[in-house]
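These are the structures in question, set out in turn.
The following pair of complexes shares a single chain, subunit A, combined with subunit B in the former and subunit C in the latter.
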Partner chain A sequence: MWRYTAKRLIQGVITVWFIATATFAAMHMVPGDPLASEKAVSAEIRANLEAKYGLDKPVFQQYLIYLGNLARGDFGISFTQKNREVNDIIREHFPVSATLGLLAVTFAGLGGVLWGALTALYRNRLPDIIIMFLVILGISVPSFVVAAISQLGLVNLNNLLGFNVLPVGGWGTVSHMIVPALVLGLSTMAYLTRLMRSSMLEIINSDFVRTAKAKGLPPTRIFTKHQLRNAVLPVITVLGPAIAAITTGGFVVELVFAIPGLGRYFVEAVQQLDYTVIMGTTVFYGAFLVFMVIAVDVVYGLIDPRVRLD
Partner chain B sequence: MSSDKLLSVENLAVEFDTYGGTVQAVRDVSFAVDAGETLAVVGESGCGKSVTVQSVMGLIPMPPGRITSGTAKLRGRNILGNPIVGGEDIRGAEIGMIFQDPMTSLNPTMNIGDQIAETLEVHRGFTAKQAFNRAVELLEMVRIPEAAKRAKQYPFEFSGGMLQRAMIATAIACEPAVLIADEPTTALDVTIQAQILDLMNDLKRDTNMAIILITHDLGVVARMADEVAVMYAGQIVEKGAVDDVFYRSAHPYTLGLRAAMPVNDREAEHRLTPIDGSPPDLFHPPKGCGYCARCPAAMKVCNDVVPPEFAMSDTTDHFSRCFLQHPESSAVRLDGLYRKEVSA
Partner chain C sequence: MAEQSFSADAFEPLHVEQHKQVLSRPSLSYWEDAWIRLKNNRRALISLYIVIALLAFTLIGPLVWQIDPSVQDLDQVSQPPWADRRATVVEPYTPWRGETLDSPGSGLRTAQPANTQAVRLIWDVDATAEGGYRIYRNIFPIGPEKAYGLPLGEQFSPDETWFEDRLDLKARGYYYTVVPLDARYQESGEGETLYVEVHNAITAQGAVKRGLIEDAAAVREGDAIKLALHPLGTDYLGRDLLSRLMHGARVSLFIGIVAPFLYVLLGVGYGATAGFLGSRADAVMMRFADFVVALPFLLFMILFKIMFGIGPGESGIMPMLIAMVILSWPATSRLVRGQILQIREEGYIGASRLLGAKTNYLVLRHMIPNTMGVILVTLTFAVPSAIFTEAFLSFIGMGVAPPTPSWGSMCNEGIKTMLSTPHELIFPALFISITVLAFNLLGDGLRDALDARMRSRE
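Right, the complex of A and B next:
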């Protein structure tokens, strides 16, 4: 298993290098100049930056300098924000996005497995029909609509009760996190519910569940040890990409709920052609997601003995 | 008639609701087995063999299944139609069951030892460690080499024959009075099949359990069974001791099955003769005998009236559900059909 993990990590590093190279190439193909944007920088900063990044040098040399800086973990200094290192931006704002994202993934994963199993057990009966209707809503309604509606609902609820049950926006305490995380995880939860339902339906009718019944095991034991564990495998497979979708898709939710996450800086940097911030956050996000996918694969190997990790 | 036997099933009838209508899968089936006996249930696909034993085990999903009549008594106590929860002291404890395809009948994410140990924890109150140690002993009993190492492995690391041994070990873990084997060797190749059958015979001898063996392989029947029940279209059409049914076949369907079986004899001029036609539509079971449409000697009465059980002997349980056994039809000829000798 350690050999497998090491192999996957090396592959991950190569993937990140590809991401970095592609981002670099894309940045140099985009017309425009970060130093010539409306927030014009002083001549002093421009000279310093050109000296540090060699913007007047050949592209290949710039690429090597960029890779060298990356390897040292130095993402550089923002072109447009004075005295802001990209590392600082990431250090300050990534934990917020990551907390929100992981909480949302947890909600989505637990909710998806729970609702999926429930709908399968109550197949074609009332709980199944109600939940599957909500699932269709969850998949098709975009997150900014859900975010706005949930805020409206929270405001009304707080007014009705006369005190703040949960804050409507902002960041800081656990109570700030709950609603945004639910909103952010909703569509993934809906998708996982569908996946879990079909996987569970297959397992319920499988031969080995019939064997478990023939062994006279109590229904709770059949559910936990024989049905759930096998039905959850396909859900775990898609959890890696789901983490990617959630953590990168958090921008809208962060904006609506006024959460100081990394997504806002990422989007602003793209608008302002802030080379270093774009490349830094892209590579960082890329590395994070590659790592999460590897982690999911390793966990999969722990749960399914048929996946040999070597 | 046989309620003093270990397990006796009487007048069992099972229906299934489907989109096409109601299927009468089992119609008035009765049989019994005693300790140390093997009853073979034979018949072609869809004749109700599996449904019969699965309803005894309470494994029929209800709905869509429905047991419309009958009793199944284990040592005189009715076990049929118990709600799923109530069946747990019977299933796995008093009656063990093994299935056709060992490759899919074991949980792929649980190691073999734990799957055997589970039943002991649930039915015998063993601790996890006791149960696992016993599981290793059981694996040795079903002749799996290096049992201690094998118990920690997963189903995908076993071959088909070994998986079926592991299934047997699971089924006999709680020393059940009855072992139900639903086509246990159909998915295995012939040499492995012989080993599994020998193993079952040895276990029967050692533990004196009763075996109900479902199969469509008459060779397996000859090797294993004391008694044979031939099923057709949801009914037992002939039943009796294995020699009676094989050598004094008293039902045209049994004759048809025998004619369709290859013989291991170069000298014999033996053509395999398939039974023409297909089994009746169980959505609308025929009014009379289910085999009527395919029977070479069908009479007018066969179409309209379900034949009763005609006793073939005064001393044994051999019977046939065929009007050719009626005294008034003795003029109708059918080659090979055994008929009760009319005593003066």
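Right, the complex of A and C next:
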């Protein structure tokens, strides 16, 4: 167990190093000069920046300086915003994205398991048909369209009732989070529903469920103890990639609902070619995702004793 | 005991009928079998027809509907498909100095029939309006919150009770509100609101210029002519939506089909090599694939995008294509590698090797054809995700550069006017959804038809 975790963590660190290198390489191939912007920086600032990032040195030395800074957790200072460290930007905006993402993953996970189990129990009957139709819809409609339509619906609902049931955009209270998180989690929820359904169908026909029925256990107990617990395992395996998909998918939802998250900030930084912010955010996101996937794998090993971690 | 008599022919040997096992149905190849399965799957078959229809829409459509997607029809800006296309021929615009109400007491009204050339309002003199009047326009009814909408202008004398609106008029209903101003030019008192239905108007010269009629002399003022046809309406710059959808489909479907094709090809090559080489090389190659998988996809799509840059006049399709290929191949390669590892142990590979088959021959002749089903299914499922990625990037403004239309960028433009003209968002969104849906269902059908192991239990 500990050996497995340690091994995965070391692999994770190497992966993050690869991500950092790829980011560095990509940013060095971007045409133009980070200091050549419309607002000419003064000679002193220029000298300071060159000294800090070794911009007058060969590329390999710049790379070493960059890695050294990263290892110390220093992502640098924003090029376009005065006196703003990338660390501050991440500290300020990442919790927003993380909260939204976490809520979305919770929605997607709970919803997926619930709907999937329901469709399997009502196989080929009306609830199954209705839910599977909605699932296909959820997979096929792009998230920005869902976001726009739900916003439109909210506006009309608020107008109709004459007071704000839920706010249409912005961030701050729990009521701001509900609709964006639902929209963000929707496609993952649809995907998980499908997965849960097929896994549940397999379990329903398995020997141990038949045994449980034969010895006269009540159906609710069979459902919770035997079916649900076993069927939910494949869903947990894909939660790692699902978290990755949801956190990056947050871009659009943050844009449409005017949420001050890191994704929106990244898009703005790209538009302004803010080198340090782009590099810092990419590496940070990459590292976050890598370690989330590791965490899910380790937790999976704890939940399912059949999985040997070594 | 009864006597039994036998005739001689009773001792004839029975005719032995040789029952050979005969195949009653023709033998089917793998692909024939798959095709029959697919044909029996109604959902998959309908999806296949939709895909074919979409391809026809993209390839043949622009030949049938030859409207330039970047030409602006300024008579019809942001018009939904059901908009009234009739326009009245009017005289060229002449300035209006205003006129006073000849019958006081009838309140706010239009001085002349309102049309898209100008809306001319007149109203009663309000003695308390020492500072004049302010005129507003709204496209929504005025509610209790008194949101009058867009301030159009002011008249600074209580006697100037007229106003001419020529600002970006469209054929629709407007709510005009006139609010009296006090001596300090502050709004005082209630405004008076008038609903004005604005109709299309066009001058004879304008109609000739737009190619609607041949000769300006052929029509007289007051005649009704039809404006240019836009079956799906126009966007916020007056561009034909149907034509833009067709040309946008070229971008979206091109990326959606070519990018998966390329990266699946790359993944197959890489995975097959790794699976076949095995041991050390396999481990190293797969570790590298793991690294590429770990790169945050969308962030790197955007990074690559700015890395390649978009020069003037370029559409930005190629950078997106390359970035997608670079980032997306590992999933396929892992799948193909797994298949190859499995197939490598099969008996027929051993037999072929025994007969002296070379590695290249084994891979190309036996291994890849046997993974073809899985590859085809992967390809079909890769198409919707590539279309999504393109739409997603174009939506956040990191995709194709304007004026090249793509479904994603059209959604991006449409979402800004979602409340007033929803058709600009709905049509491209509908096309994306239908395409993705069709490819997803087709993928499900193909998986059921081609791959016995992955056959879903639905």
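To be clear about the criterion, the second predicted complex is superposed on the first by the 300 of 310 C-alpha atoms of A that agree within 3 Å, B and C clash if a C-alpha of one lies under 4 Å from a C-alpha of the other, contacts with A are read in each partner's own complex, and residues count from 1 in each chain.
Simple rule for what comes next: a contact is a pair of C-beta atoms (placed from the backbone, for glycine too) under 8 Å apart; a residue touches a chain by one contact, two chains touch by 3 or more.
Model, not experiment: these values are computed from the prediction.
Engineer: Using the touch definition from the top, say if A:Gly240 reaches subunit B (first), subunit C (second), both or neither.
Structural biologist: neither
Engineer: Look at A:Asp207 in the shared chain and tell me whether it touches subunit B only, subunit C only, both, or neither; answer first, second, both or neither.
Structural biologist: After superposition on chain A, A:Asp207 lies in contact with subunit B alone.
Engineer: State whether A:Met27 touches subunit B only (first), subunit C only (second), both chains, or neither.
Structural biologist: So A:Met27 only meets subunit C here.
Engineer: Touch test for A:Val256: subunit B only (first), subunit C only (second), both, or neither?
Structural biologist: The second partner, subunit C, only.
Engineer: Answer with first, second, both or neither: which of subunit B and subunit C does A:Gly138 touch in the superposed model?
Structural biologist: neither
Engineer: On the superposed three-chain arrangement, identify whether subunit B or subunit C touches more subunit A residues.
Structural biologist: The partner with more contacted residues on subunit A is C.
Engineer: Could you give the residue numbers on subunit A that contact subunit B in one complex and subunit C in the other?
Structural biologist: The answer is that subunit A has no such residue.
Engineer: Could you pull out which subunit A residues touch subunit C in their complex?
Structural biologist: For subunit A paired with subunit C, touching residues are 15, 18-19, 22-23, 26-27, 29-31, 136-137, 139-145, 148, 151-152, 155, 198, 201-202, 244, 248-249, 251-252, 255-256, 266-267, 270-271, 273, 278, 281-282, 285-286, 289-290.
Engineer: Touching subunit A in the complex: which residues of subunit C?
Structural biologist: Those in contact with subunit A are residues 290-291, 294-300, 302-304, 306-307, 309, 384, 388, 391-392, 395-398, 411, 415, 418-419, 422, 425, 429, 432-434, 436-437, 440-441, 456-458.
Engineer: Which subunit B residues qualify as touching subunit A in the complex?
Structural biologist: Of all residues in subunit B, those touching subunit A are 57-59, 84-85, 87-93, 96-97, 99, 101, 104-111, 118-119, 122-123, 154, 156, 167, 170-171.
Engineer: What residues on subunit A touch subunit B, complex-wise?
Structural biologist: 206-208, 210-219, 221, 225-226, 229-230, 233, 303-306
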